[in-house]
């Protein structure tokens, strides 16, 4: 038994190192083979682009841990951007962003209410919401990109600096820290793990399981709102097609980071690793000047590799008998 | 008995009545023109649909606007055209998602006696009643000319070429490349992105290009939205002076960019005018009049100085227009 | 009688854990052979190997004189080894007929589905054999739990086979159905089928098995002892490797009413009744599967709706209508299906144990992780939790120890007043069973009300001060613990 | 017993009921909406979605999902167009083969390597898009020299049925037959109900799951072939929204997201409902933005109906426990 436990913790340690190892390997490969990858400016680019994805993925991770999924993020940030840009001239930048972010949080609240209390399947709710919110954003904007007056205050979130560090990176660090804190040190986060692992058991243990699910969607709405605000400020515009495949990108981030989609597991570190891998990859394919076809094929290969590598040992164990059988 | 019957069924009966009267109103033959375009989320098609709609209200015909919801939704557009054929509209104006792909269904429409007018990116059919076009190739050419001059014939160029597989983006890119090759042999096209087809993606891609290509002097952009993304990246990294941007289309965004001297020029179609012309042709064709085979409205090159003098009514829908 | 199915020297490792070291078994045609062992002794792994669901690392299996290697359940089925599983393997959205024919369909070579199904007459015959009276075309999710278990058995029984392996077949059956099953098995025996019968219930085994094999620690410690050569006490001794003596019942010190439940309906439209539970008493609720006994337990715990029932703590008017408010009021709950409704299998034992008392070590919603494990140190020792640590995944513990985790979760409730335990020792080995029973007795002595719902009459009899018998969704009898077992049995059976 | 039977039937009645309602309301509002011609038109429009939804239904039956179907169809149409000039009509078979390959990839990843369906099919979606761009000229539509005859044929009717719909109808008949009468069909339901239990009664769960994904891939490939016939062009960048639409159609057609419940014809009605609604909104000239909102709400409501019916009847299920 003790050896078993030792081995188990060795595997746990191994997988923990593995989580960090994969982005490291990607980083080293990029440094070695991608021209001009290793420069302060470029790394800042990687991080800036990655930070938006990372913040949104923090929200997706919370939802995945509680056993749900959110496809509607792309439309939520679009609606946010449109509302913000429409309100900015009359009501001031701060209030406009506040309202825009409220819209995204509201979208999360809507998702959460429908899923937790009406027991609708998350897959369909967020899918329907993806279309409804996009329709609303189009209706509000007349379908066209709306431009914000390029005031420094409007652009600060996306391109300002705090102590020499770009604001999005600062916010992303804050977002990751708060996700880590939520997941590890709060009753709410613990509730997500419990509910995501076994909803019935959570109810029977006297936990407010529904509220926990709702909370996850609202928190995800908050992260999504933050990402959307940065994105809006960065492009200085409100558009129905701001980041259409944000939801898929965030799911890919979580999957690459090793967060399973059936709930109950996940950590902030995994989100960071997933986001870094995707951000580096996106940057590398442009620096390598690959055609879009190869960009996509490479992306598919990396996702597959990232998902398959960690479970290589179990796969090998599962199929050893095939080889054994042949040998005998 | 009868009374209770009526009381119970009052609401449904009323509804039925409304429905019947609706049927009646449709029945009164009103000329309907179908207007099918790839996307009503792009300034180009919005402006053109404004022209068509404005003209339709003047002519007193009903306009059925359909958007395929994106440049790549060919099958959706074919379905929409099938619906229009089924509805026996008087004529159809088509801005094709893909000229070759919609040819069959357009021929089908013509066989059923519905004249089809191509607009801007026309279906690749022999049987069109008329084509209203601005020359996308020419728009690319104009970008090449003004960007080439702005770069003084030297340096590297990267292309935000727009979505793959669309006639308009393909033609513009072709015109641009060819003209550069002919007139500015000193300029190299070093990169081309077809995945970056919105502002955010253009912004990210441009940032990466700035890292990769030290000698980057110019950026071609297929639409003003992509240009805005590129300009944002240049502005943030302080490369606005060094790297020139050219674009196509006209909209509030484009005007802002031009006025601020952030793009050197925009090649523009008289989009609203196209919409109007297409609708006039459609009405004429629906009434079995003979129409001109090709109506070509020249593209315009607008630079910062010209913004004030351009007749905006011909190129852009008013700001408050919602399709 | 000749040996037709023999497994010898079977071993199986999972990682570095050794589930089986040297397991042996020899089944004779026409004989009922019991396989016994504590949870964790390797029984279930052994069964999985015998039916082809798991491949052994070593050892050999001989069927009718020929050595065989089962690559899958399909191989085993094709060679006439048929399993009846402990956990439900029925298909809810398929009909009774299709479920009866599941083995035929599963191993089918013919592509036409109908060819692989039993014909209706045969199917009805099989149902009659086990005493199940349902239409062949009804869906399985329309059947009661007991009916499902019978269907599961019928599926195995109905398939012609040389070896039939039954894993805990009577867990969800009433006494009458169990008797009927035994008769059916005798009939099969007479036809020459070898039957392997796995059960926890010693008296079951003593009553019907011809031979007994006992596993301990992955080894066969008793190989095919004839029934009459081995006593019940010896069986237990071999299973545990030690002897144990049952504890005396704690004297009832019944106090005030703790929980009052009014207007309980166990099904929509059923007759309502009321119920009080007192401090320090152990109230037993018995009933066959489907009788409503489990539902009554769930209602008392606030986990199921009692169709208009009101549940209130004594002295307060507080109405309890869900688990959350019940828990706040101090009602603990151990559900019957610990995997589906109790445990968080992917999470650590500590997180499982502390799930209900997050408030206790948090302020303003922030957890003080250092204090989380504190309350459990003493309890781990008291309960004999093995391994005696809480940082492993809940799935790494054996069934009995998982059940102990659920008790830990409830025992640390700050204001525990009543503990509702459904099937406290289902699928739990004898050692764990004793420590669970002991803990329940001590709890009762300390003044906490205990409600035990169980289909195991023996358990309820040794544990409870008072018994409620539930049948057809109502309480049909109430008696003290020393009541005659026969009387209770007839009451359980009579009304349903 | 009755409750569950109603439950079983009711979820499959949502789509036909909705379709009837749509046709009646739209028929009342729009001149000749309810005419045979328009219904044929809707049928022909639904041809591609019907194939995709059929495949989607099969993988949902075994608790999966496939978000790559649209990309695979686009890739297959490209393959067909590229090979049309050299192979003639047999290029259509090549399109199906391409679909089969992607289905196999999905199936192996999901059934044998235990990758979660969303991740695996997301992966193959991106791969299919990339491959389509690679073999075409970076996403340019591929126009074979002579495909006009094919495209003209595509809009014909035979025996009142749009020719484009015929492959879908045949496939639906086949799948319906397999689900009802064949052992494989039983296996699909068994794996959908409970994969572990299925293994324990001798069903090779992984193989059955693989077969479901293979079939889904084949149908996606066939959809690509239909797309090619319809347009006469290979369209590498088509089909972005098809996966979500096909899921919506399958769910409206009563397929349960948790597996184990599916029926072919309701799914077909689900497809027709989506298409009919879209056509109605199109013909009425409703703003495309509002049309999008309506479609979104319909998907929401469809998920709701599924649950609503379950809730209405689950309280009266006959067995008290569990």
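Worth pointing out:
The letters A, B, C and D name the chains in turn, as written, and every chain counts its residues from 1.
The criterion applied here is as follows: a residue touches a chain if its C-beta (ideal position, glycine included) is under 8 Å from a C-beta of that chain, and two chains touch if they have at least 3 such contacts.
All values derive from a computational prediction rather than experimental measurement.
The pair with more inter-chain C-beta contacts, choosing from A-B and B-D, is B-D. Taking each chain's centre as the mean of its C-alpha atoms, chain B lies 31 Å from chain D.
Centres computed as Cα averages put chain A at a distance of 29 Å from chain D.
Chain C and chain D, compared by their mean Cα positions, are separated by 43 Å.
Across the assembly, chain A contributes residues 138-139, 143, 292, 295-296 that each touch 2 or more other chains.
Residue positions 40, 164, 194, 323 of chain B are each in touch with at least two other chains. In summary, the structure contains touching chain pairs A-B, A-C, A-D, B-D, C-D. Of all residues in chain A, only 1, 3-5, 7-8, 184-188, 190-191, 193-194, 197-198, 200-208, 264-265, 321 touch chain C in the complex they form.
Against chain A, in their complex, chain C makes its touches with residues 15-17, 55, 301, 303, 322-324, 326-328, 333, 335, 340-347, 351, 355-356, 358-359, 362, 365-367, 369, 387, 392, 396, 409. Those residues of chain B whose C-beta lies close enough to touch chain A in the complex are 39-43, 46, 164, 190-191, 193-195, 198-200, 203-205, 207-212, 225, 228-229, 232, 236-237, 251-253, 256, 321-323. Interface residues of chain A, counted against chain B in their complex, comprise 35-36, 39, 41-42, 45, 48-49, 138-139, 142-145, 147, 159, 231, 234-237, 239-244, 282-283, 286-287, 289, 292, 295-296.
Residues of chain C touching chain D in their complex: 51, 53, 72-74, 77, 83, 85, 88-94, 98, 102-103, 105-108, 110-114, 116, 138-139, 141-145, 266-268, 289-290, 292, 294-295, 473.
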